[in-house]
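Each chain carries a letter (A, B, C, D and E) given by its place in the written order, and its residues are counted from 1.
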Amino acid sequence: MKRLVNKVSKKSGLPPGSLVHVGERKTQEVRVLLVEYNEKQFNIKDIGEIKACCTQSFENSVRWIDVVGIHNVDLIAQVGAAFNIHPLVLEDILNTNQRPKFDVWDDYTYVVLKILHMDEESGEIVPEQVSIVLGKDTVITFQEIEGDDFIPVIDRIMNDQGRIRKMGADFLFYALMDAIVDNYFTIFEKLGERIEAIEEALIANPGRETINDIHYMKREMILLRKSVWPLREVVSGLGRGESKMIGEACLVYFRDIYDHTIQIIDTIEVFRDMLSGMVDIYLSSINIRMNGIMKVLTIITTIFIPLSFIAGVYGMNFKFMPETEHPYGYFIVLGAMAFIGLGMLAIFKMRKWF
Amino acid sequence: MKRLVNKVSKKSGLPPGSLVHVGERKTQEVRVLLVEYNEKQFNIKDIGEIKACCTQSFENSVRWIDVVGIHNVDLIAQVGAAFNIHPLVLEDILNTNQRPKFDVWDDYTYVVLKILHMDEESGEIVPEQVSIVLGKDTVITFQEIEGDDFIPVIDRIMNDQGRIRKMGADFLFYALMDAIVDNYFTIFEKLGERIEAIEEALIANPGRETINDIHYMKREMILLRKSVWPLREVVSGLGRGESKMIGEACLVYFRDIYDHTIQIIDTIEVFRDMLSGMVDIYLSSINIRMNGIMKVLTIITTIFIPLSFIAGVYGMNFKFMPETEHPYGYFIVLGAMAFIGLGMLAIFKMRKWF
Amino acid sequence: MKRLVNKVSKKSGLPPGSLVHVGERKTQEVRVLLVEYNEKQFNIKDIGEIKACCTQSFENSVRWIDVVGIHNVDLIAQVGAAFNIHPLVLEDILNTNQRPKFDVWDDYTYVVLKILHMDEESGEIVPEQVSIVLGKDTVITFQEIEGDDFIPVIDRIMNDQGRIRKMGADFLFYALMDAIVDNYFTIFEKLGERIEAIEEALIANPGRETINDIHYMKREMILLRKSVWPLREVVSGLGRGESKMIGEACLVYFRDIYDHTIQIIDTIEVFRDMLSGMVDIYLSSINIRMNGIMKVLTIITTIFIPLSFIAGVYGMNFKFMPETEHPYGYFIVLGAMAFIGLGMLAIFKMRKWF
Amino acid sequence: MKRLVNKVSKKSGLPPGSLVHVGERKTQEVRVLLVEYNEKQFNIKDIGEIKACCTQSFENSVRWIDVVGIHNVDLIAQVGAAFNIHPLVLEDILNTNQRPKFDVWDDYTYVVLKILHMDEESGEIVPEQVSIVLGKDTVITFQEIEGDDFIPVIDRIMNDQGRIRKMGADFLFYALMDAIVDNYFTIFEKLGERIEAIEEALIANPGRETINDIHYMKREMILLRKSVWPLREVVSGLGRGESKMIGEACLVYFRDIYDHTIQIIDTIEVFRDMLSGMVDIYLSSINIRMNGIMKVLTIITTIFIPLSFIAGVYGMNFKFMPETEHPYGYFIVLGAMAFIGLGMLAIFKMRKWF
Amino acid sequence: MKRLVNKVSKKSGLPPGSLVHVGERKTQEVRVLLVEYNEKQFNIKDIGEIKACCTQSFENSVRWIDVVGIHNVDLIAQVGAAFNIHPLVLEDILNTNQRPKFDVWDDYTYVVLKILHMDEESGEIVPEQVSIVLGKDTVITFQEIEGDDFIPVIDRIMNDQGRIRKMGADFLFYALMDAIVDNYFTIFEKLGERIEAIEEALIANPGRETINDIHYMKREMILLRKSVWPLREVVSGLGRGESKMIGEACLVYFRDIYDHTIQIIDTIEVFRDMLSGMVDIYLSSINIRMNGIMKVLTIITTIFIPLSFIAGVYGMNFKFMPETEHPYGYFIVLGAMAFIGLGMLAIFKMRKWF
C-alpha cells in the first residue's frame, strides 16, 4: 500500500537548508547526462562529475543536465554549488513530499512537478518527483528514477525536429514540461479505460470486487488530485510571464500547456463525479436486490405459514374432532387450503409484488 | 458507450504544432463551402481547393469558409497556410478533446465550441467540436460532420433577413455562435422532457429501469457540464471586448448570448439538483416498500407461529394428555387460538402497523 | 406539472431581435393602463392604443404605462417603436424564460424579474415574468397576467401617500420593485408555514405523503432559487448606481431592497437546509421503525420455532418413544417448553431488545 | 415551535418608511433609560419622555439612551424625530426580521444585531433583535425585552472601571457590541455542553431521543448560522473604519471583536460537522444492530426449520413407514437431528456469524 | 473527552484588556528562560524575575525570553509591563481559545499558534497554545506547558549550527515557527499511519471498532482543521512582509514555511476525503453482508417451509385420507419433497443467489 505521508521525522529539528533525502529510496543507480546543443551542433554524453558541465562547449549553446537519483545527497550538493542554487531549493529537490510549485529566484526559476507511473501489474499509480531548474542558458532536471518521458525531447534535439534547436533554454524547459503533461494524458487514458471497465461490470454483474474497485479508484483520484491541482497554478503563473527566464516568444506555449492542464483537471473531476455516481448505482442495485429477496421470502412464508397452521390443527390428537370423522373432511380441507393459497397469491399479484 | 477520454497517445512525444487528428473519425466526406456576400450581392459555392477562396470576389465582402471533416489533416494544413494560422491553433482544431475556449491572436480570434447532437434512437448526447476563426473580413468554421445548425444562418444571408448582410464578419461570427447556443436550448428542451418523463414514472411505478434512467441522465449531466461551463468564460470574454476583431457595435449581441449561456448553466444545475432529488425519492420509496413488506411478513409470522405451536403441542403423541380426553377440548383450543390471533391483530392495529 | 423548460424551438434559427412570444399563453385579455401624475395632479386611464401615451399630458409628469398580456407581439412592437426600445430588449420582454437581470442602455434601463403566484388549490408556485423599462420620466411595465401586486402602488399615487408623488420616475421604479420583493415575503411566509406543517407531521405521524411533501418542497426550492438568486445581482447593481436613470437620492432605497433580497436568499437557504434535515429525520425514523419490526419478528420467531420443533419431535409416530409412555411426560415437556421460552425472553431482555 | 418567518404581510403594500412593528410582541413594559457620563460625573435615570434626553446635562458628556420595547411604535417615532433618524432606519428598528447589518449615514451609524437567549426549560435558543444607533456623542439602543446583557457595561460606567469613562461614544458603542458577542460565547458554551452530552449518550445507549436531539441541534445550528454569519461582515466593516463615527483609537477594539466573531463562526462550523458525523454514527450503529438481529433470526431459523421438517416427516400418518417400526428409529432420528443442528452451528461459527 | 469549548463565562462582563486565564490549567510549574546570543557569544539561564532580562548583556545581542505556564497571570502582566505590550495582546496570550492569527503593532508583531501533542496512551491530539511576540531584537514565547519542540532551536544556537547566530531576531522568530510546523508533520505522519492501519482493518475484518475508529479520526480532523487552516493566513501574511519587524532577507524563509503549511492543509483534506470514503466502504460492506445473510435465510426458509407444509398435511388425523393407505404413499411423498426441494435450489442457482 502506498504511504500516505513520507517519513520526515528524521529531518525535523535540523536548520533550514539542511540537505537530507526525504522519501522512499528507489534503488536505481545515479546518472548524470549532459545534452548540449545549438542550431548547428549537438553533443550528448554521460558524465561522471559535475564540473564537466560547468562551461559551454560551443557558442550560444543550450545545456541540459539531467540528474537521475536524488537520494545521492552529495551529488545534489555539488550541482547546487556549481550552479549557485539556494540551499532552500536544494532542500526542496531532495524532499519528495513537495507539492507542485514554482519559485522565481533572481538567476533561475525552480519548478517541481510530479510524473505519474502506472505499475504494470497492480495498476497502482506511483508519483515520481521531478525538479527543473531553468537558468539563463541551462536547464537542470532532477529525477528520482530513470524514466522514458524525456526521450522524445532528446530525439527531437538529435533529429532537429520542430523548433527546439532554434530556440533557447526556455523552449527546452517548455518541451520538458509538455512531455510531463503529455504523460498525464497517457495515464488518464488508462484510468478512463479502467473506469469504463468497472462501469460495464457494474451493469452486467456487480459484486463485491466491483465496489472494491470503485473505492480503490476513488482513493487514487484523491491522491491524483493532490498532484494535479497545484499544477494549474504553476503553469498559469509561468504563462503570465512571472519568470523573467522565459522570453515573450515562449509564453504562448505555456498558455497551451495551461489549456491541457485545465483539461486534465476537468477529467479528474468528471472521474470523481462518475465514481460517486457508480457508488450510488451499486448501493441502489443492492437495495433493489435485497428488496427482491425479501419479497420472495415474504410471499413463500405468508402463503405457507397459515396453511401449515391449518394442517397442524387437524394433526391434533383430540378425542372428539367432528371434521376428522367426516368422510370428505380431508378433501374439503385440502380445497380450503388451495383456496387460501391462491387467494394470497392473487393479493400479492394485485399489489404488484411479482 | 461514449469514450471518456479520446486516445491521445499516438500524439505524445511529437513536437508542439504537429498536426495529428485526435478523436473518432466520423466517416463523412470532406467538403469546403465558400459563402461570400456584401450588402448587394452574395455567392455560395462548394469549392474543391482552398486557393479558390483566398481573394475576395467583390468589394467589401465578408467571406465565410465552412470546412467539414477535420480528420483530413492535409486540408487543415492548407487552410492554415492560406490564412496564416499559427500551428498551435491548427493543432487545437484537429484535436477533438478541446475544452471550449477562445484565443486572441494578432490577426484573428480563435474559438472552439461543442455542438450537441442527440442520437435519435439511443437518445445519447454526442458532442461535436466546432472551431471558428474570425479574421478581418473572413470567418472560417471547422466541423467534424455536416450538420444542419448553420443552415438558418445561410438562409438569412440568402434572403437578406435581419441585419446580417449589412454588418461585417464579426456579426457573422456572432450569428454562428448564436446558432450553436440555440442548439443547446433545443437539446436541453429534449432533456427536460426526458427528465419529466422519468419523474412521472418515478411517482407512478418506479422500477429498476427508472433508477437506471436517472443514473444515465446524471452521467450525461456530468459530461454536458464539461462542455457547457467553459462556454460562459468564452462568451463573457468576447462580450467584454477582449478580441479586437469584434467591433463595438457587435458587443451588445455577445452580451445577449452571455445571458443565454447563464440560462443554460442554470438549467444544467437545476437538472442536476432534480436528478439528485429523484435518487433520494427512489431510495426512500424502496425503503418504504421494504418497510411495508417487512410488516406483512411480521404480522403473518407473529400471528401464526404461536398458533402453530399450540397445534403442535396437541399433536404430540403422549399417552396421557388430559385435555385431549375432554369432550370440548378441541373447541376450547380452537377458541383460544382465535382469541390469541385476534388479540395480536388488535395489538398491531394499535401500533398502527396497518 | 410545471414545465422545466419552455419551448424555444420555434424560435431557433431566427435572426436576433425577431419578436416571438416564448412561453405558455395565459389566456387573459390584453390591457394597457396609463398612470400619469405630478405633485399636483394625476390621471389614470385604460388606453386602447399606444400613441395615446406618447406625450405628457401635464408638466413635469411621470408616466407609467402598464402593459398586460405579452403574448400580443404586435402590441409590444408598437410600444418598442413608440419609446425607441432596442429589438434585443423587446425579444427579452417576449421570452418568458428570462433569468432576472438588468441591462443599462443609453436612454433607459431594462429590468426583468419574476413575480411568484401561489396556486390556491394545488399550492404550486407559478412564476410570472415582469419586465420594467425605466426611461427619463417614463416607466413601462410588461406583465403576463393581470395581478394585484401593483395595486398598492396605484393606491399610493391616488391618495398621495408617502413621497411617491413628490419624486420622479426612478422612485416609481423603486416602488414597483419593492412591491415585487414584498410579494416574495408573502409567498415565503406561506412556504414557511407549509414547511412547519410538514415538520409537525414528520414528528407526529410520518407517512408516505410526508416524504412526498418534503420532496415536493425541495423541488420547489430548486426552482425558486433559480428565480431569486439572480435578483441579488440586479438589486445590488442598481444600488451601486450602475444605471444613470436612478438619481442619487433614490439609491438608498435600492440598498434597502438589497437587504430584503439577502433576507430572502437566506430564507431559501434555511428552507433548503431544513428540508434536507427532514429527509434525514424521515429516513432515520423509517430505519428505527424497521428495526423495531425486525425485533418483534425475531423475538416471536426465535422463541416459538424451537418450541414448535420440540412439539414436532413428540408428534412423530415412532413405535417406540419412551417419553410418550411416561405418565408425566406431557407435563414435563410442557414445563421444559415454558422454561426455554422464558429463558429466551430473559436473554432478549438482557440484550435490551425490548 | 419557533416561527421560521415572521408575519410581514400586514406591512406589504405600505409606502417605504411606514412604521409598523413586525414580529412577536413580547409583553414587557416599555422603558427608556438615560445613562449620561463624562470623566468626572455620571447620571442614570429612568425617563418618561424622549425630550428629557435631547440636551446634554453636563459638558463633554456621552449620552446612552436605552429603549426597551420596540412594539411601541409611537415611542420609536418620537426617538426618530428627536434625533433626526431616517424613516428607513426606524422601519428597520421595528422589523424584528432584520439580518445583522450596519448602515453608515451622514450623522450616525446604524447597527442591528441579534442577542441570543436560551430558554431555561426547553433549552431553545430565542434570538432577540438589538438596534444600536451611534451618533456624535450619543448611543441609542433599542431592545425587544429587558435583558441583563448590558448590565456589566452600566456597572463599569458607575464604578469607573477600565477606560470607558475616559473615552467617547464610540468606545461605549464598542463596549455594547462586545457585551453582545460575549453573550454568544456563553450560549455556545452551553450548546457545546449539550452536544457533548448527546455524544456520550450516542456511545453509551443510542435511542430514538438521541437522534431527535441531534436533529434538533442541527436545526438550531441552521437558525444560529443565519444570525451569526452576517455579524462577521458587520464587525469587519466597522474595524476597517467604514464609519466616520468611530475614531482611530477605537478601531483596534473592533478588530478584537472581529477575532471573536471568527472564533464563533469556526465553532458553529465545528458543531455542524460534528452533528453530521453523529448522524452517521447513529445510522451505522442502527445498521450494525439490525445486522446483529438478522443474524440471530437467521441462525435460529436455519437451524430449526430443517429439524422441524424432519420431525414433520415422521409425524405423517402413512400406514407403511418402515423407519417408525424400527426399535431404535426414534433415537437414530434424534441423533441425526443433533448432528444436523450442530453441523449448522459449526458452519455459522466458521463464517464468523457469531 | 476533549472539551469543545473552554469556559469563558468567568470572563464575560469584564472590561476589555482584563487579564484572566481562560482554559484548562495544566499543572506544570512556571519557568522563565532567557537565551541571549550574538555572533560571538551566547548565554542561557533560568531567571526568576522579569527585570533580569530587560537589558541586553552584550552588544547586538538577540534576546529570547521563553515563558512557560501562562496560567500565572501576574507573571504575564509583568512581562507585558516590562516590554510594553498592549493589554489586548496580553488578554489573548492568556486566553487559550485563540484561533491562530497575527497582529501587527507598531513596536512588535504578535503571533498565536497551536502546537499539537499526541497523548501516548489514548492517541488523542491535544492542542497547546503558543504565543510569540517579535520585537526589534527580542523574541518572547509563551507556552502552556514545557515541551521539547524548541530544543532543536536552542541546540542550534548553542552549537552555532546554520545561520541562526549570524541573523537577527526575525530569523529566530522564523526558526521557532518552523519548529512548530515541523511538529505538525510529525503528528500527521502518526495520523497517516493510524489511518492506514484502520484501512487495513477495514479490508481484513471490519467490525464495530473499525467504524468507531473512523468516526473518531473524523472528529479529530474536524478539530485539527480548526487549528491548521488559519495558519495559512498567518504564514502567508508574514511572507508577504506585512510585519515591519521581519527583514527582506528573511521573507524567503517564511515563503518556505508557507509551502509546508499548504502541504499540511492538503494532507488534512486528503485524510478527510479518505475517511469519508472509508465510511462508505464500511457501510457497503455491511450492506453486502446483510444481503448475504438474507439470502441464506430466504433459501433455507423457502425450501423447507413448503416441505414442512406437505409433511403437516399428511400428519392430519382425518379418518379417510386415501394416500396414507397406499403402500408406497410414504415413499412417493418423500420423492415429491426431494423433487420440490431440489427444484427450488435449481431456481435459486439460476437466479445466482449462491
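As a working rule, a residue touches a chain if its C-beta (ideal position, glycine included) is under 8 Å from a C-beta of that chain, and two chains touch if they have at least 3 such contacts.
All values reported here derive from a predicted model rather than from experimental measurement.
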Contacting subunit B as well as subunit D are chains C
At the interface of subunit B with subunit C, does the proportion of residue numbers present on both copies reach over half, so same, or stay under half, so different? different
Once the Cα atoms of subunit A and subunit E are superposed, what angle does the rotation have, between 0 and 180 degrees and to the nearest 5? 70
Find the geometric centre of each of subunit B and subunit E from their Cα atoms only, then give the gap between the two centres in Å, rounded to an integer. 42
Could you work out how far the Cα centre of subunit C sits from that of subunit D, in whole Å? 26
Cα-centroid distance, subunit C relative to subunit E, in whole angstrom: 42
Can you list the subunit C residues in contact with two or more other chains? 290, 294, 297, 301, 305, 308, 312, 315-317, 321
Draw the chains as dots and join the ones that touch; what shape do you get: line, ring, star, complete or other? ring
When the ring is traversed from subunit D toward subunit E, the order is D, E, A, B, C
Could you pull out which subunit B residues touch subunit A in their complex? 1, 3-5, 7-9, 11-18, 86, 88, 92, 97-99, 101, 103, 205, 208, 211, 215, 218-219, 222-223, 226, 279, 282-283, 286, 289-290, 293-294, 296-297, 300-301, 304-305, 307-308, 311-312, 314-317, 321, 323-330, 333-334, 337
Flag every residue of subunit E that touches subunit A in the complex, lowest number first. 151-152, 155-156, 161-164, 174-175, 178-179, 182-183, 185-186, 188-189, 192-193, 195-196, 199-200, 252-253, 255-256, 259, 262-263, 266-267, 270-271, 273-274, 277, 280-281, 284, 287-288, 290-291, 294-295, 297-298, 301-302, 305-306, 308-309, 312-313, 315-321, 353
